[in-house]
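In the two assemblies presented below, chain A is common to both, partnered first by chain B and then by chain C.
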Partner chain A sequence: MPSDKKDFKKVAYYPGCALEGTAHAYDRSTRAVGNALGLELEEVKNWNCCGAMEVKNIDPKIQTYLSSRVMSIAANEMGHDVVMAPCNGCYHNLKKAEFDLQNDAESRSVVERISTKAGHDTYQAGQVETIHALDWIKDEIGEEGLRERTKDALKGLKVANYYGCMYTRPRHIFPEKDQGEGSESSSQPHFMDDLLAAAGAENVDFPLKTACCGGAHTLSDSDTSTLLVTNILKAAEASGAEVIATECPTCHSGLEMHQIRAEKTLGYKSSVKIVYFTQLLGLALGLDEKTVGLHENISDSTGLLREKGIA
Partner chain B sequence: MPIHEEHLIRPENLSTHDDLIIDGIDVSGHWSTFIESRVVTDYNEAIEEEISNLPGGEFIHRCWQCGSCTNSCTVNAVNPEFNPRYWIYLIRMGMESELLRDKDIIWQCVSCNKCTYACPRDVFPEGVMKATAHWLELKGHTPKSPSTIFDEIFTGQVVETGKIEEGRILRSFFKRTGQSLMQDWVITMVQRMIARLPVKMLFALGWGGVFKPRTSQWARARSAINEYIVEKEEDHRQALGLDDLVDLAKQELSPGETRPAD
Partner chain C sequence: MKSLAQIGTDLNVVRASLSTAGQAEFLLKSGEQVLENWNAAKGNDPTSDRKEGFRLLALHRQGAKGDASFNACRETCRELVYHYNLVTMEPDHPEANKRLEMMQMVAMHLYLFVNGKIQVDGLGEFCCSSKGMRQTTG
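This part shows the complex of A and B:
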């Protein structure tokens, strides 16, 4: 359903819970990059959690309601028609809610009922378009725009781009993907690769771009998660990457956490660093390492990035 | 039901005899291992409907057993016993006892949706895995999995406050699953965080329990959601036939007889 092209210059920004907590660096760097690129973010007022996978598991319709409330505020209280979410989970859930509200009458009636009782306007499918931080920059600034502004600043940095699962799967909630030229691919996503390459980075051939890190059971079945993360780290190192670029707080903290756990429980030590793509773009745009929150990552990439003359 | 018996070679179905002579021929020892046939007769044909009435299980009837889900499955790659296609088959055949053999690993689905991506029939196997894990718990076949406990803590917090606080979730989860926060890797992780993060941020993460993220004026949304949850649980009980069980138990009492006091 390619809707008429909306303007991404000024968007409603939905940071989500993780960006308020462990992924503070992602929040910081996303805002800083937007600022540096002249894009405007207006945070969704009094937002709530989108419901994530956990609420969906208990009851998918409650998750649909939670996500719909965020979109309702953006549309009805703030007058936006685009919501930008940097978290794969939030992005995914808002998209899923959109799909369900468009296609399932029961979801519509549950959402209507809870919204009315909760005392706010019911979100109507189609009121906003939800985009990821990647869409936002790719679309509004583009590779050409980044090239001009960054002048190959990331030159010499070998990057494995990791997108995780929620950015592309399940396919049906992302009708704008796989639409040919210029659109994102659900099997071989490339928006992050494109942006970082435009800033001069050398993207390695990384086969596990959309592999799962086991984030769903990061605590409840830690051994499986550690195994899955270990596979990802090994593949990244084997492909020659110095850093893994991430575009989701959960993927990012999953990699950081299980990198440590793999060291402690499997004796597997890896040196690849884990960095948000917005941190890399921010540095490439001349922001300093504090501004993009490099010191807030558990995986310490400062040394490497300084050595390369990037930070 | 087209299939009425199934033979599966399993270690417990293999037998060797130390001293066995059949028709004058000595068939003792490993060279003559017997495979005992196993006949399944105890079908529970209600399972498919029960699971399809739970969220995620709706489209199980579409499965044509191509195996793409198992082939693409993240967990199958690290544990070959994890086999969504096979479980869907068992559910549709009503082979309950066979399904129960794997009851302790079904919840381990990581919801990566690789199966959903691969499935040619839009079965949404990820949803079926969730519904099945849920069914196992509702029927009392398994205790609540750590994953369900996590989901409950998480959902509880969202419904309560509108937002989640990661540190608090972590602490509650470790407490409810009886794990120590003082595990080697947790300590190392926190140490690395402390080494690099400003103290203010650590408090913000909920380690100090000072920062409490909340959505304001959430009370009305909370009560609307809670009301919905109460009704929904009743639906689930009906879907599983649990209400009927209660009714049956009541009917067993003869007229006029009163229930023993608690």
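This part shows the complex of A and C:
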């Protein structure tokens, strides 16, 4: 772990666009869990799109600028040195922008030029550290802290932890990963496994935890996405999972939508439920199902979680 | 070279006549055949080298050269190797059949990803690569 570890108790919160729409349940459960754990989130003022997939693939320098503006506001207007982004896409893009600004003079020049034109301070590499919601809870509360607060509340729930592809790739934009004990692994990520196990869940061996869900092609090539998701669902079920825990809104909605599509187009009916890890942690902390937004998921896990005494 | 379509079909056939280790060999070989197709489609002569003792990993490295998005199947390849080791080192393990079942799904995922990526080259491009399409297409 870096020796200059920052305090994550109060961080700038960058929800990003997905958490205002399809992943609203992730937003509300993240905020609720933070509140229950005594962690403070201050939403980045007047935030903009991180550049997502679309901008990045038309002009990656514009994506770098867009992400840098979010970090600039957090640092220069709000005084934060940590930005927490629960969305894998946002997290990935802010990290990528940070890497570009550290290593590429042309990126720095483009960001300087557009920032000046837009009338805000130019973000300087290193002003903030971007973290994921998993880092936030793992580092600030830790497994022991969660164990004390949740008292095995998820006991009896078999979970396949699904991280998707953007949380760990490409490795070079995540210098804090693969740093030995205590750090996250880019090849076998485990932070979500650790947190849910601390809350009592039984994690199953799930070999597709970072496999492609076809999320980016869900509209342009739905059939491929459905096949990829179906295989993930089958592997989760074969692993014995009752629930797939997610930490990425793209993966989450892809799994939910293609679970339905798989039934319609392939005749494959899957009973595994898809739930954000923050929803499971929230329930484990004693929050009610509405507070964590279970009703906002397409995949209806309420029956299972009530049956298990979790919701 | 075995076609991707044939690999996909064969992966769905249960090979009860093969031993446990034989089935693991078949699945690992299927993974290699998938990556042979990818490399051939990219204009490469599929390597016969091995990396960490496995041709599959050498083929993945060859396929990812100059195409960072191909790393989206890096861990899938590694999982295939991991399951191969699990099954062949402990063929009589009580979980051997379950391990084989998981290995089949991992091999299937590799096939689905590469088959999709050959048809839609952008698959994995958006999510996994920090390199924009403009840079790769000029």
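As a convention for this text, the second predicted complex is superposed on the first by the 308 of 311 C-alpha atoms of A that agree within 3 Å, B and C clash if a C-alpha of one lies under 4 Å from a C-alpha of the other, contacts with A are read in each partner's own complex, and residues count from 1 in each chain.
Note that in this section contacts are C-beta pairs under 8 Å (C-beta built on N, C-alpha and C of every residue); 3 or more make two chains touch, one makes a residue touch a chain.
Remember, predicted model here, so these are calculated numbers, not experimental data.
In the three-chain model built by superposing on chain A, chain B clashes with chain C. Touch criterion met: A:207 reaches chain C, while chain B stays clear of it. In the superposition on chain A, A:170 contacts both chain B and chain C. Measured by the number of chain A residues touched, the leading partner among chain B and chain C is B.
In the superposition on chain A, contact of A:245 is made with neither chain B nor chain C.
Applying the stated contact rule after C-alpha superposition, one finds that A:197 touches neither chain B nor chain C. Looking at the shared chain after the overlay, A:96 reaches chain C, while chain B stays out of its contact range. Once the two complexes are laid over each other on the shared chain, residue contacts for A:224 go to chain B and to chain C alike. Contacts of A:281 after superposition on the shared chain: neither chain B nor chain C is touched.
By the touch criterion defined above, A:235 lies against chain C but remains apart from chain B after alignment on the C-alpha atoms of chain A. Taking the listed stretches 7-15, 61-69, 151-159 or 241-249 of chain B in turn, the superposition on chain A shows a clash with chain C for 61-69 alone. Shared interface residues of chain A (contacting chain B in one complex, chain C in the other): 53, 57-60, 165, 169-170, 211-212, 214-217, 220-221, 224, 227-228. Touching chain B in their complex are the following residues of chain A: 17-18, 20-22, 24, 46-49, 51-55, 57-62, 65-66, 69, 110, 113-115, 117-119, 165, 168-171, 186, 211-212, 214-217, 219-221, 224-225, 227-228, 256-257, 260-261, 263-265, 295-298, 300. Only residues 68, 71-76, 78-79, 82-83, 98, 101-102, 105-106, 108-109, 112-113, 115-116, 119-120, 122-135 of chain C touch chain A when the two sit together in their complex.
Only residues 55-56, 74-75, 78-79, 108-114, 116-117, 124, 126, 130, 134, 145-152, 154-155, 158-159, 162-167, 170, 173-174, 177, 184-185, 188-189, 192-193, 196-197, 201, 204-206, 213, 215-218, 220-221, 223-225, 227-229, 232 of chain B touch chain A when the two sit together in their complex. The residues of chain A lying in touch with chain C in their complex are 53, 56-60, 63, 89, 92, 96, 99-100, 164-166, 169-170, 172-173, 187-188, 205, 207-212, 214-217, 220-221, 224, 227-228, 231-232, 234-235, 238-239, 250.
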